[in-house]
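Given below, in the form of structure tokens, are the structures.
Across the two complexes that follow, subunit A remains constant while its partner is subunit B and subsequently subunit C.
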Partner chain A sequence: MDRIDAHPTHLFQEYKLRPGKPYPFGATLVPGGINFSVFSRNAGYCSLLLYRKGEREPYAVIPFRGLFMKVCGNEPDWVDFRIGNVFTMTILDIDHEEIEYGFRMDNPALQHSEYGKPGFFRFDPGKTLMDPYAKGIGGRDEWGREPDWTDPYWHRSRIIFDDFDWEGDRPPEIPMEDLVIYEAHVRGFTRHASSGVKDFWAGTFTGMREKIPYLKELGINCIELMPIYEFDEFEHSKRDEATGKYVKMNYWGYSTVGFFAPKAGFAATGSTGDSSMVADELKTLIKELHRNGIEVMLDVVFNHTAEGNEFGPTISYRGIDNPTYYMLTSEGYYYNFSGTGNTLNCNNPIVRTMVLDALRFWASEYHIDGFRFDLGSILSRDAFGAPMANPPLLETLAFDPVLGKCKLIAEAWDAGGLYQVGSFPAYGRWAEWNGKCRDTIRRFLKGDSGMAGAMSQVIQGSPNLYAGRGPTASINFVTCHDGFTLYDMVAYNGKHNEANLENNQDGANDNNSWNCGWEGESTDPTVNALRRRQIRNAMTMLMVSQGVPMILQGDEVGSTKYGNNNTYCHDNELNWFDWSLTEKNSELLRFFRLIIAFRHAHPILRHRHHLRNRDWKNTGYADITWHGTEAWHADWNGNVLAFLLNGQYVEEGHDPDDFIYVAMNMHWDALPFEVPMLPPEYRWRMAVNTGMDAPEDIFAPGEEPLLEDQQQVLAGGRSVCILVGRKN
Partner chain B sequence: MSLESSLEMAANGVAKITLSGKLDAGTAPEFQQLIEQAIENKAKRLALLLGGLTFMASAGLRMLVFAKQRLGSEVDIYVIEAQEQVVETINMTGLNYSVIMLDSYDAAAVETV
Partner chain C sequence: MDLEITVSLACEGKVTVVQACGFIDGKTAPDFQNKIIEVMQEVNTILIDMAQVGFMSSAGLRAMLVTHQQAQQAAAKVVALAGLSENIRDNMEATGFLPFFQVFDTVDTGLKELG
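What follows is the complex of A and B.
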């Protein structure tokens, strides 16, 4: 049966139109045609522009309001295709595959603002505006292909097929406490020539799919992808005039162009110009990751857009409704809590809806398992930048039904001075990147005195910050994309960002790193042995702590950026994963695999609730106890610490675990640790000893050798030992 | 550019569809009709002879998914002699897991059900 709304009511030139449906926003395929819907509170008029893919000028400009011909009766009719503040119409009998579209908006009654000057309204009838809800975006189809800078419409909305054969895929819903997160950059993962991935696929979603067996073997079960929304790699780019090559590009991508479209330049299918295939390619990657037991989290950037401030380009939002989308001062300047030029007005009711729509879209259409919010504290500010106790956006996201099983993680600070680690408005749902964990582990690792107390908090999943929430509120990490790699953290005292061409002024100064005696690359075997040990120490401490561990792509093979701690702009070997290191540093890779396997094998390390430091089940041992070189006596002022976990205290759903004893000796010299006595029939086995060379540095679960001396273990200088106490 | 298509049903239920030209949103309905005919004729196997197909876009991919879903999981779909662009497209969008790709026509494999 034919639907009524598959037939036009009006004609404009040769275009067949009818009133549209405001929901969903954006462009949607409907029977017989395409429905367009865009919101603007302040636009006086709006037109839809249609382009043939790649052409400079539109072939059709269709106003949402005007004098059209009625189909029935063939007479002129004044039409206003609008409901409230939403311009919406359906166009019939047009082929969506070959077109790109945009909007033109203006309100002559409002004062126009000049480029470079403050102002509230930035309507410009000379500009074509990208649809904020575009599900496919053209213009940067192939990474790094020089665009036509004179093209008046850079980032172009496209319409996609949203059907996909998921073959029964569902989000794995792995419990938060069981996650081991791997922070990865799509392009960086397989772009290097050594990846072995076909050239056409290198640096793409398909390339990443080829490497799923590697990820599975590593043992991670969650991959957190750095921004995969459409962004402009040419933003703030810089070309070397002599060679013609780009020495700076927007490589990391923390600058969103469109919130609903995957970056075409990250897709091997991008160069086809077919945005449906880009979407398919990403969905295929997610389907395969899920099939292999790996969840997918997206790093999402809702704190600002790529439009910058009054000197930035008009892509979409500012030309559609500037005061709605952005936080503006009373004079009309852009508030800059993101440090990048503008700040998205997240708690405005309209923008809030857009953020919610975007997240629901990724969760439902792409089966995404969780989101990490860049500069998350911005999401707690009101329209004037003031922090709110009860930010509507964060509350909405925490309680939304579609997002109900998604992990929500906040980078709980911003660039405007707000620091909310431990106090981010959580509604019992939000987890946080625990920067204090990072700082504590780094300082303890390099032997700072007085860190034992802080370390004991980290090991327990930071109850000092997250009491009542549980350890899973804490995303524990030692490294992430911001800052040194793990290798550089033990090879450099200070940052070396000269290649960023900012006089080494950019990047963090408080790295809490120690170079083990020499700055940079060294041939000294003692220095290198210490570095190898320190890397293993850091990873061991991370993996035995309650909370959710996250590691950085490349750390497992000892990647170096030669001391650059802010490589946001380098599309080259500095950032690309060098697969030859999997051979060269195979012993380190083996250590990572086995320490991750250790964590998976021991549920006592993965509590949902904080440990109580008491024997409340009356087993003879408290759930966790603290020790030093002397059993049962910790030295809270020194730089050694040991703890004992009682395997009887596993949470519901798990069989009783082993006893686990961890001795962390951050003193420069070897120390004997008196080991706590086990119940009768239990004996100590050596699982990890970072003071030994491979393969004695770590043993696979079940293969740990018996400890010769059941009463003490000698921990070498700056090393960590793990003993497991098992019955037999 | 257009699509040339034909269907040949063998007695043992092997349906051979030959496609040449371009498979896009405009021409996909022709392919869909042939698939539906094959289903009506109770095809037990689908062999797609794509030696002459120069281009497949997302609409074409959807036809492959449509065929797989309508024919059911017991019916194998062979993609034979596909050109490079088509092979790449199938691989990048993950459809290589759902079809059997052959570089050349292997009568023994394709025709014995």
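What follows is the complex of A and C.
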């Protein structure tokens, strides 16, 4: 049956149109045409601009208010295609594949801010504005292809098909406590010549799809993608005048252009200029990851946009409604809690709705399983930057029905000094990147004395921080994209960021790293052996800790960035995964695979609730007990710690697990550890001994050899041993 | 650019070859889809010769998938592809459309297999 609203009511020049629908915002395919809808509270007028793909000038400029010809009667009619603060109309008979669109807004009654000067309104009738709800964005279609800098419309809104055939795909909904997260960069994962993927796929969503077997074999079950919202790799880029080559790019992508569109340059199909293909390519990756039992989490940047401060470009938001989208001082300067120039006004009701709409869109349209919020603490600030006790945005996300099964993870700090690790407003949902876990493991690892007590908290999932929230509130990590790689953490005492061309002033200084006796690459076998051991020690500590472990792409093969702890700007080997290391460091990769398998094999390591340090089931052993070189006597002031987990205390739904005993000797000399006595018929077996060379550094679950001396185990200097106690 | 569609019979009438020539995009995809579905009413096996297709947009990909799904719904009907350019094949693979189809390098190899 033909719909009434598939027919025009008015004509503007040769374009057929009718009043639009305000919801949903953005451009939506409707019978016979496209519905456009955009909010602005302060714009006095708005026009829709239609472009043929890639063309500099629009072929149509259609005002949302003015004199139109009525289709019935063919007479002029003054119409305001606006409902409240939403400009909306439906254009009929246009092919969405052939066009790009944008808006032009102004309000002559309001004082316009000059470029570089503070102010509240930044309307510019000379600018074409990208739709904040654009589902596809053109302009940077192929990674690194030099744009036409004179093009007046840089980031161009496009319309996509949203009818992907998911073939019954469902989010895996893996319990939080069972996750092992792998933080990865789409381009960096397969861009290196050694990746073995064909050129067309290198550095793309499809390249990553080709490597799913590797991820599966590694044993991770969640991949966290560094930003994949459309960003501009040329933002703050720097070119070497002599060679003409770019020496700095916005490689990591922590600077969002559009919150609803995937980064076209991460798609092999980006070069087609067909944003539907870009979306389909990403969905195909996600579908395939799900088929292999791997969840997909997005690292999302809602704390600021790519528009920068008073000196930044007008892309969209500031030209639509500057004081709505951004936090502004009373003088009209941009607050800068993000450290990048501006701060998104997240708790403004309009912006809050946009953030919610975006997340719902990614959860429903792309089947995304969770989100990690970059500088998440900004999301708890009010319009003037003050932290709120009950931030509406965080509460809204926590209780949202569409996001009901999504993991929500905060980077619980910002660049404005707000640090909320352990105190992020959680509403029973939010987890946090546990920066204190990172610092504690690093300090314990390098032998700082007095760390045993702090380390015992990490082992338990940081109940000192997350009492009442449980271990799953803690995303445990030793390394992430910010900071040293795991190898560099044991090879460098200080950062070496000269390649960033900022006089080594950028990047963190509190690395808590130790170079094992030599700064940088070493040919000394003793130094290198110690580094290998320390990497294994760190990974073991991470994998035996309650909470949710996260590892950084490349750490499993000993990737190095040569001491650079802030490689945000390098589109080169510093950031690209070198696949030849899977061969060169195959023993380390084997260790990673098996220690992850060890975690998966032992539910006693994966509690939803904090351990109680008591034998509340009356089994003869408390759920967790603490030891030193002498059983039952921990030295809380030293650099040695051992603990025993009682497998009877697994969460409901699991069969009883083994006893697990872990001895961590961060003293430089070997030490004998007296092992707690097991019940009759139980025997200790050696699962991990980082003091041994491969393959005796770790044994696959079920293949652990019997411990010769059932009373004690000798842990080498700076080594970790894991014993499993079972009947057979 | 327009799309020309030629229909012919091969393998003693067992396979219908639909030769497409031009672009399959938002403009031409509806007619293309309708033509294949029309042909499908009469025959069981369709081999689409794509060698002369210079470009296929996401609308074209969808037209292809819809015909495939319709063929699946009608028991024993097959829509296969032959002669895909490397570019179209890569795009189909990246976007996840390729695995739905039987794909042959050339019409001849397709006819040998299907005939």
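Methods note: the second predicted complex is superposed on the first by the 728 of 728 C-alpha atoms of A that agree within 3 Å, B and C clash if a C-alpha of one lies under 4 Å from a C-alpha of the other, contacts with A are read in each partner's own complex, and residues count from 1 in each chain.
Throughout what follows, a contact is a pair of C-beta atoms (placed from the backbone, for glycine too) under 8 Å apart; a residue touches a chain by one contact, two chains touch by 3 or more.
Fair warning: this is a prediction, and the values are worked out from it, not measured in the lab.
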Combined model on subunit A where subunit B meets subunit C, clash or fit: clash
Partner chain(s) touched by A:272 [first = subunit B, second = subunit C, both, neither]: both
First, second, both or neither for A:533, with subunit B first and subunit C second: neither
Touched partner set for A:718, first subunit B, second subunit C, both or neither: neither
Partner chain(s) touched by A:290 [first = subunit B, second = subunit C, both, neither]: neither
Touching partner for A:436 - first (subunit B), second (subunit C), both, neither: neither
Subunit A positions touched by subunit B in one structure and by subunit C in the second: 95-97, 160-161, 163, 165, 200-201, 206, 267-269, 272, 274, 276-277, 280-281, 283-284, 287
Sites on subunit A touched by subunit B in the complex: 95-97, 160-161, 163, 165, 200-201, 206, 209, 267-269, 272, 274, 276-277, 280-281, 283-284, 287-288
Contacting residues of subunit C [partner subunit A, same complex]: 25-27, 57-59, 61-62, 65, 90-91, 93-97
Of all residues in subunit B, those that touch subunit A in their complex: 24-26, 57-59, 61-62, 65, 68-69, 88-89, 91-94, 98
In the complex, subunit A residues that touch subunit C: 95-98, 160-161, 163, 165, 200-201, 204-206, 267-269, 272, 274, 276-277, 280-281, 283-284, 287
